[in-house]
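Quick one: the structure is below, questions incoming.
Order of writing sets the chain letters: A, B, C and D. Residues in each chain are counted from 1.
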Amino acid sequence: MDGNALDERGQPEIAPENAGETRRATAPAMEARLGAAIPVLDHGFLRVVDYMGDDAAIVQAARVSYGRGTKSARDDAGLIRYLMRHWHSTPFEMCEIKLHVKLPIFVARQWIRHRTANVNEYSARYSILDREFYTPAPEHLAAQSASNRQGRGAVLAGDDAEAALRLLRDEATRDFDAYERLLGDGGDRPGLARELARMALPLSAYTQWYWKTDLHNLFHFLRLRADPHAQYEIRVYAEALCEVVRDWVPAAWAAFEDYRLNAETFSGPAMACLRRMLAGEAVTQDSSGMSAGEWREFQAALAGRAA
Amino acid sequence: MDGNALDERGQPEIAPENAGETRRATAPAMEARLGAAIPVLDHGFLRVVDYMGDDAAIVQAARVSYGRGTKSARDDAGLIRYLMRHWHSTPFEMCEIKLHVKLPIFVARQWIRHRTANVNEYSARYSILDREFYTPAPEHLAAQSASNRQGRGAVLAGDDAEAALRLLRDEATRDFDAYERLLGDGGDRPGLARELARMALPLSAYTQWYWKTDLHNLFHFLRLRADPHAQYEIRVYAEALCEVVRDWVPAAWAAFEDYRLNAETFSGPAMACLRRMLAGEAVTQDSSGMSAGEWREFQAALAGRAA
Amino acid sequence: MDGNALDERGQPEIAPENAGETRRATAPAMEARLGAAIPVLDHGFLRVVDYMGDDAAIVQAARVSYGRGTKSARDDAGLIRYLMRHWHSTPFEMCEIKLHVKLPIFVARQWIRHRTANVNEYSARYSILDREFYTPAPEHLAAQSASNRQGRGAVLAGDDAEAALRLLRDEATRDFDAYERLLGDGGDRPGLARELARMALPLSAYTQWYWKTDLHNLFHFLRLRADPHAQYEIRVYAEALCEVVRDWVPAAWAAFEDYRLNAETFSGPAMACLRRMLAGEAVTQDSSGMSAGEWREFQAALAGRAA
Amino acid sequence: MDGNALDERGQPEIAPENAGETRRATAPAMEARLGAAIPVLDHGFLRVVDYMGDDAAIVQAARVSYGRGTKSARDDAGLIRYLMRHWHSTPFEMCEIKLHVKLPIFVARQWIRHRTANVNEYSARYSILDREFYTPAPEHLAAQSASNRQGRGAVLAGDDAEAALRLLRDEATRDFDAYERLLGDGGDRPGLARELARMALPLSAYTQWYWKTDLHNLFHFLRLRADPHAQYEIRVYAEALCEVVRDWVPAAWAAFEDYRLNAETFSGPAMACLRRMLAGEAVTQDSSGMSAGEWREFQAALAGRAA
């Protein structure tokens, strides 16, 4: 892209001349991040374009609800922990972030299912996509899991790996060749309409968008996508975002880590087992009343590993 | 309220020491507005607590969608007008505003029906409401319209006005007296729970909240609530907000005025009439095929007055 | 209300002549509930007006996502439990319910904060509210909690109770008297506009609305409002709704009970303590690293009581 | 797909044994449509899986808002027209529809931008996509418009058309070949994880989903996507849906046609011109104060053709 607000590498400029005084809440660590691309995958990135609010803005909104006199009751970090623990989500909605993200289309299709966000995507109806597609690094070239229909198994190795990589790369290259031939050379022969030619592109092609959401919905996104069960290719974006959030709202981030990322939820039946175990009883799956799957997940939660 | 972030008059402080450098988009006229209460009604106000983006942010987001080469095609204001005219709403969603509003409860109940916003309201479960209620100024003490079930008729005058005002004021005062007696004096006799005592309050009592929304949804709110058919008591808030938006995003505001506030929409049947009229035919309601109500609204639209 | 679709008591008729054949999913126990008011509080009610889907619709939607071959993998109830446990919320969104609810305004103000729903409320701009307001039964006339700013303490008794009840009843009666005087007698003297007169009403006055939402969002509502910490006056509506949901989607309800209502979530630090306790260590608050509040909630969760 | 609720052709069965009595609102013409696939494009379809409400449900909800006495004021169709004309959208939200749609991925990516809907999509993380992709019929093989970056120009003919079609078909076939080779043959050699292999697929590949939305949001979707400016490949789905809505809620459909599909909106400046024209003045673009683009659209609106 070479538009007004984008530099040669398709990135929006956060120009020095934009720097100015503001009386809004500012987060110094975020100022340092503004406009700087964090590389993700082989051609993707994620950058902060703008943000609103900070930890203090969460507290300020909570105090409107709590009103008089809470000041002395608990300090800010404690109040934020309380809000997180008790699912009081509205104060977190008072913070907002706007990102510029470049990502493969198959990742974008997962991402967009989070509906409570504002999105402006690069349109291949209007414009021509750059010749960029995702190819996994060899260490991420996983086989289908034999036990879990959704998961990855061992990493492919040797000839299998090389064949898969070559196939992915060759076919994506051919797809982009076809795309360009369909579009024509701008000479006398008319090219196919862009909105049609794009359908020759593979799902590995990169797209980009502006994505804007509030902190509550961002936390929800991160809980699902920074999870070990999320597909690697979206998880790396979520993990990069975790670093951003840690800088932006450190107290909220710490509460999110404790009460969401590192938390475990136990069902009613699991709680009954847990109480028996704490009373000294040796509970087995048979005596637990849980299904095999639930028991396995229960054991994993107690041991602190992914189920 | 006397919390951390609020001054003695229940207003969030935008302290000078918060002023700092930022590389985010800033709108100078909004910086001047930050934290300054705009009085609305007898005890209400509206103030800007924070904002994200400006006219350039709308253009920047649109250019991501349009991609290469649009720069030369039209200038920024023209692009914004194009977006508004063609209902391309997503670029407007890239701007966000956060307000602190103090408003009567019956106004808050209309306002909250706009669902696409973030809200933190002062909670009378936790806190005690100040003794403040809305009393209309004499010139807004309108009688029920005889012709329009939703509307106001002539303004009450003389004894009728005085009696209505006195009744409103006396009963609201009694309600607050009851509220305070129910809450108790903090002495030995236990007071009723705050969450119960509050139900003695009248709908004219003031509440307050933080309200945060994006520019697209704000425009939708303003289109409905800055309209002459909106109830006066919410319209004055909408009108105050119009002034804020004009300062914040002047190009978007101008487009909104032309394409929404001052626009008229004609139905298929109305367009058929219009074409006959432009061809020189004298069309009447009888020959129009429209109902009496539609015809009256059609005539009003052509004449440029409220139906 | 005396409109088309409402009977004399302001209730929508589900007339026998509406009964017909359908090939849509039907839930027999819901058919029996259609149109029947469940009384709540002293003048309120809740009734099912319409519904879409059943347990099988949840499974059907999940199988679109899972595709080929899941049929044999687990039975329907097991699949529903799996979805609930792993926060796969979209299949639950495939069920929808529409209710007619009559409720005090202060309850309506809490309820409406759940934004992902469709609402049509009785408008006091157009219409005149019936003389009906909520008065707590003596056993619910709770004092303010001394320890918890949000909670209720002991029930008022004797003279205190009687005085509070009389005050609530007398002032609400006076408010309705004022409301009616403001509206006028329909004679020569003009009444105040309805949209203004309504502000004399107390927050205990009843309103009514149609409320429509999907099962996922309904579960979220029930998790917050059927909780012991919710205010009694909204909790009774949530509890009545729980009975409806149990009839409508029994498998989803059972999963919701196990994995939400009766579940406990432990933070990262709480999990660390739990592991030490399961290993035989006697952990105290001091050695837990938790705050007093967190420790109290942790102990309550282990003991199975409300914190 | 061969799951429980889907027949051999991947279609949900609406089995005769599901037919039963209901006291819910039923729309006879919709009963006839239940489960029947409407073919769209070369391999796509759209079918109604469930619906809630009918024209009477819209009226019923509106009457809750209007309350007493509106019955005599206007008949149901007139009330629905009034609601549509005055943007009273909430009564339309009381109707809900659930569809099963099979559509090319590049169409799905446009469709999903309508966020206020519930979606369950076939997951290529779990399952294997059938070998089906979209190829335009020769009469829809349009060249890029020379004047409009977003639009289509003349249809390609002769060799150009044949070359483009062959290229699209050959490359999509190769992509599916690669996809299947990547997945492996289920023998000893491990296949690539499904979640990775899918990225070799072209954007022309078909996916499918359940999509559920309310009538208000459906109308918004149809206004944008049944428009002549929408891409042909999504417009045909929108047009098929228009037929469904016409059967479902005929009065609401008629109002939608008059007040949305066939309506024109004129800006403030355009209204000023229109008033001068009606007064007999010959207005030109020069004297109109409008830009060239606005003037062209204004002329098109007056003439009743697409701009």
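One rule holds for everything that comes next: a residue touches a chain if its C-beta (ideal position, glycine included) is under 8 Å from a C-beta of that chain, and two chains touch if they have at least 3 such contacts.
Composition by chain, UniProt nomenclature: A, B, C, D = Flavin-dependent thymidylate synthase.
Keep in mind the model is a prediction, meaning the values are calculated, not measured.
Note on interfaces B-C and C-D: more C-beta pairs are in contact across C-D.
The two copies, subunit A and subunit B, are related by a rotation of 180°, based on C-alpha atoms and rounded to the nearest 5.
Distance between chain centres (mean CA atoms), subunit C to subunit D: 34 Å. Mean C-alpha position of subunit A lies 32 Å from that of subunit C.
Rounded to a whole number, the gap between the C-alpha centres of subunit B and subunit C is 29 angstrom.
Contacts with at least two other chains are made by residues 66, 90, 113, 119, 126-127, 149 of subunit A. On the side of subunit A, the complex with subunit C involves touching residues 66, 78, 81-82, 85, 87, 90, 113, 149, 224, 257-259, 261-271, 274-275, 277-278, 291, 293-294, 297, 301-302, 304. Partner subunit B is touched in their complex by these residues of subunit C: 104-106, 108-109, 112-113, 115-116, 119, 125-127, 134, 136, 141-145, 149-154, 156, 160, 164, 167-168, 171-172, 174-175, 178, 181-184, 189-196, 198-204, 231.
Those residues of subunit B whose C-beta lies close enough to touch subunit A in the complex are 1-6, 12, 14, 16, 18-26, 28, 31, 34-35, 50-53, 56-57, 59-71, 76, 90-91, 93-94, 96, 98, 100, 118-123, 126-128, 208-210, 212, 214.
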